[in-house]
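One chain, chain A, appears in both complexes that follow, with chain B as partner in the first and chain C in the second.
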Partner chain A sequence: MRKKISNNELMQKLFHLPTFLVLTAITLFPIIYSIYISFFGYTLSKPGSEKQFVGFQNFINIFSDAGFWNSMLVTVKFVFGVTVVQVVFGLVIALILNSIVKGKKILTSLVMVPMMVAPLIVGLMYSFILNPQFGLYTFFIDYFNLPLTISPLSSATSALIVMMITDIWEWTPFMVLMILAALQSVPVSPYEAAMIDGATEFQTLRYITLPLIKPVILVATILRAMEAFKEFDKPYILTGGGPGAATEVIDMFTYREAFINFNFSYAAALSLVLFILLLAGGILYGRLIMEQEK
Partner chain B sequence: MNINKKRVFKNILAYTFIILFLAITLTPYFWLIVTSFKTRMDAFTIPPKLIFTPTFDNYRTAFLDKGFLSNFKNSLIVAIFSTFFSMVVGLPSAYAFSRFPMKGDHFLYFYLLATRFTPVIVLALPLYMIMSKFHLLNTFTGIIIAHTAFNLAFVVWMMKGFFDAVPAEIDDASRVDGCSRLGTFLRMAIPLTINGLAATTIFCAINSWNEFLMALILTGHFTATLPVAIPGLLTPQGTFWGQIAAVGSVITIPVLVLSIVVQKYMIKGMTFGAVKG
Partner chain C sequence: MLLITVITITGLVIFGCSAATDTKLYAGTTIRVIAETQNPTLALEKLLPEFEKLTGIKVELTYGPIDSVVQKELLALQSETGEYDVISSPYEFLGSLVENGYVQPLEPLLNNTNLNVIPDFDQEDFIKGMWSASGNWEGTYYGIPSNTCIMMLFYRKDLFENPAEKEAFINKYGYELEVPKSWNQYKDIVQFFTREKGQMLAGEKLDHDFYGTTIAGKRHIAMMCEWLNYAWSFGGGIFDKEGNLIIDSQENVAALDFFNEMKKYSPPGVSNNTWDEVTTQYQQGIVAMGIQWNDCAPSIEDPETSKVAGKMGYGAIPIGEAPAAHFGAWSYFIPKSSKNPEAAWIFLQWANTTAVQKRIALTGGFPCLKSVFNDPELLQKLPYWEASLEAYKISSCRPRIPEWNQMNSDMVLELSKVISGEQNSQKALTELKLKYEKLLKDKLPILYQ
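Moving on to the complex of A and B:
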């Protein structure tokens, strides 16, 4: 009997083995390797620098690097801007979609389209629309004489706004889907009670619907904020981080240090800082899921 | 009667709003597809042309003359193999999470979640250096290994949910009939979750197909996937918008078709099980 149990336990561990072997080799090991590199002064421009031990100097340098703080600020603005707009738009569109009876499925499929388009193509698409000679955007502002700039990508503020619009375009559908799923699983009884009590529609929304779907909105917001923090493809192709460094989000900044300036050790230290930030977000998210499962 | 009228009015308002919203959001994408069928002349006229003679020239030039056909093959190879490997590696673990709860589950679960949230950029540099030591840069093996690992957490979590939905009694019955644990897993659990298996496979393939940053770093001239090759059409001599539109359509249309098939499972997959779709 005892032998059988230990056999079972071995079997159970064997089922987990492949996954955790691969994850250790491809995610944990590279992160440990990054920690190792980050203590050196390894940069391609200085031969022999890979053996030059510098201690915590790379980490100290990050915090006095104006480029780093600029990209952090850009990223925070970007993440905050897109998440707030996506929640508001997502809520409005989901509420309206939920009130529709006929054709809901096909309309939901159509709403979903942007989030299935590869992010790189989203960036290219906007680049095409904003083309100053023949872009649709240019045509519309000309046609309606709108008081908008003809080349929004050439000034710092408007370039960041364009970046945000591309992300809002792509990911509002995600919020819609999440909130729609939540709306479809709310119980009927509180609504019946509200109707009997003669609550107005706004009151029902404010005091019944919103509290009921709040947990889902919270989960979706954290998830979206974390994804937005990792933005790379769209600015890479659309603005290249410019003008200047106005749209250089943190992923682009790290990419530039690693693969354009070849400051390997510095980039490794940067990526570790990012990892810790995202891990904190991940823990928060994990906690929320656990609470909801209870 | 009055209430009925009000309801009809509200319904019309709702449809108008949604259709207006769709018109605004889908126009940019629709424009990309339309442009892919235009000649250079038609694409660049102002005001924009809606009626024109469609042509496949952009597709022919991009895929046959400029070699995007081989990038298309590369994308397929990477997507198919990485999906296959992440399923083979991840399925047993998903089954174990569902069927044999153990003390260490909490830790393993956290480990999975952490890898799911690790940004690609964090792994890009160390993986690049490690792959270069093993001579895996610009090989299919390198990028397939990377994509396999990125999809693993997703496979395990999605499939755990589908295995959970299969009653445990079925496992017990099969065990009584003399099937081993492995046999039960292979012959009972997997065939019973075939829908979930299909949905998870599609999601993995889409993730790999759309992925850009890792492919940009790990692939080279002979292994570049479609997203990696596209920026090559933005040249200092000019941008080949018609061809970009053609390649963009080829990248996105199959994904859109597949996404309709798996729409039902979309939410569950994207939230790591936090929201049931």
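Moving on to the complex of A and C:
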């Protein structure tokens, strides 16, 4: 009997081995290798540079790199902007969806559509919509004589706003989904009690619903903020990081260093810094949640 | 008599056979080629069965957009996998490819008469200037142009020749409307042709806005390509003759101011434009004139995609202090890690025969052979042919040093800041000079580029 169990364990390990090996090869190895090369001067266009040990020089350079700080600022603006709006929109849409009786399933499915679209396609779609010659946006501006710029991607501020709008369009459904699920699992009894006490709808929302779904909103916010921090596809397609460096989010900046300028070591160091920042953010939020639950 | 016949027949058989086996010298070999997705590549792909029939060498051709092709090539070269036998790469990577020891010199192959098996291949037919610009590094040939291109002036011939427009122009500016030779003239014409919806153009009421020009203002290599024409023509550039940086010179500042001013006379949203969007604007017939790559002309002359096919004229870029025409080329290189350099070389010979190049030219490609540029049929059929050849004669190259890739990236960023109005020309170029100085440091002055 005993032997059988240990045999089973062995078999389990054996069956897991391929997955383990594949994951090691495609995730663990690149991570370790990128940490390794971040201490070198590896530039694809310089011969022998992969063997040139530079210690912490890449990391020191990052903090004196104006391009990095600009990207950080753009990223923070972007993350803050999209997350806040998505939480608000997500909450409102989820509350509406939760309150309607007829056609709820169809409407919910429809609301989810943007999230299903690949980010690259979202970028392409918006680049067509915003095309100054034949775009849908241009058509509306023209037709209704709206006092808006015809090429919002041309100025620094409006380009970043457009980028945020595309992201809000794409990812609000995620918030809706999370909040809707939370709303549906809220117990009925507090509401009955509130009704008997004569609470208004706003009071019910403020003092019962929101506190009950707060943990879920927090979790969803963390997830979304961390995702938004890694934004890449849409600026890549829509602006290439421009005009100037106005939409060069940190991932775009890192991509450019690695695959356009071929500074592999510097890019590896950048992604390591990014990783540490995200990790710190994750831990902080995790603590927050724990405290909430206490 | 019998003897003579026998000898003759034997001779015929022997020579006949040897000629036949020669082209089949590397039959059965498979070579892998990588190139950019562009008309010539696609045309070449269609001709490959002929090459396979002639030589028995099988060609596996892969292609993709510029950034991803360059990435794939550099990674393959660096890891010495021997994945590719022929790579097609933009010529500005020449210095980097050679100094890294990634590609092999062509001379041993060029001089090996046993390998010169393609009957119509003639080294003397190459236009020397083009060949050295795209393939020669410090006296040694490493590459052969796979597609040459050059920037020139594109204009709406029909509008320039319209009597009503001509009259209106002379009334307004006091001189004849003609293809601009100076930048002042250029600006007048651009301003003249910029019209709003509802105004008249060439006797017809416009149902859309019409623009004097258009520029590629996206943060993209296309902007660097275009602006360098202005810079060179204004008397500026990147390095002076002594190899010192002159990127922040007054001439460059003036050129950048002028380039930026062109925004006013362009369709809105220039900061979304690469050469692709610019080409579309010509095709839609909303632009009068501009500076553009000649390899965009074929699709502007295609009646199926373009409203202005047959209405375009092509000429030289206006001359400020100096004539300017930005030369660009993709070149074929044989990597050092290639396992089949001989077969690769045979492929390059074939790709550079008059017959193949002419057919590529007819589908929108640009060769580097005298015979093809002087071909009467092409001269007659392709409206941009003659102007292209003229432009090549006054052309300049961007630097081909290993640092250029980073320099390009920096330049595009600074230009983009100016186009988006975040920075003025003087400050942007001063900033750029600082970056270049930091990058090049003790390599300055740059005497060979």
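Rule of thumb we're sticking to: the second predicted complex is superposed on the first by the 259 of 294 C-alpha atoms of A that agree within 3 Å, B and C clash if a C-alpha of one lies under 4 Å from a C-alpha of the other, contacts with A are read in each partner's own complex, and residues count from 1 in each chain.
Just so it is clear, contacts are C-beta pairs under 8 Å (C-beta built on N, C-alpha and C of every residue); 3 or more make two chains touch, one makes a residue touch a chain.
Worth saying up front: this structure is predicted, and the values here are computed from it rather than measured.
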Partner chain(s) touched by A:Tyr191 [first = chain B, second = chain C, both, neither]: neither
Touched partner set for A:Ile93, first chain B, second chain C, both or neither: first
Which of chain B and chain C A:Ala182 touches, first, second, both or neither: first
Touching partner for A:Ala246 - first (chain B), second (chain C), both, neither: second
Chain B versus chain C as contact partner of A:Phe59, first or second or both or neither: neither
Partner chain in contact with A:Gln133 - chain B first, chain C second, else both or neither: both
Partner chain(s) touched by A:Phe259 [first = chain B, second = chain C, both, neither]: both
Which of chain B and chain C A:Ser45 touches, first, second, both or neither: second
Chain B versus chain C as contact partner of A:Ser155, first or second or both or neither: second
Footprint overlap on chain A, comparing chain B with chain C: 131, 133, 259
Chain A - residues contacting chain C, complex: 44-47, 127, 130-133, 150-151, 153-156, 239-246, 256, 259-263
Chain A contact footprint on chain C (complex, rising order): 67, 71, 74-75, 78, 96, 99-101, 217-220, 267-272, 280-281, 284, 286, 402-403, 405-406, 409, 413, 416-417, 419-423
Chain A-facing residues of chain B, complex: 10-11, 14-15, 17-18, 21-22, 25-29, 31-32, 35, 43-48, 88-90, 92-93, 95-96, 100, 102, 108-130, 145-146, 148-149, 152-153, 156, 181-182, 185, 206, 209-210, 212-213, 217, 227, 230-231, 234, 241, 244-245, 248, 251-252, 255-256, 259-260, 263, 266-267, 270-277
In the complex with chain B, residue positions of chain A that touch it: 8-9, 11-12, 14-16, 18-20, 22-23, 25-27, 29-31, 33-34, 37, 93, 96-97, 99-100, 107-114, 116-121, 124-126, 128-129, 131, 133-134, 136, 139, 143, 169, 172, 174, 177-178, 181-182, 185, 216, 219-220, 223, 226, 229-230, 232-233, 236-237, 251, 254-255, 258-259, 264, 267-268, 271-272, 274-275, 278-279, 281-282, 285-286, 288-289, 292
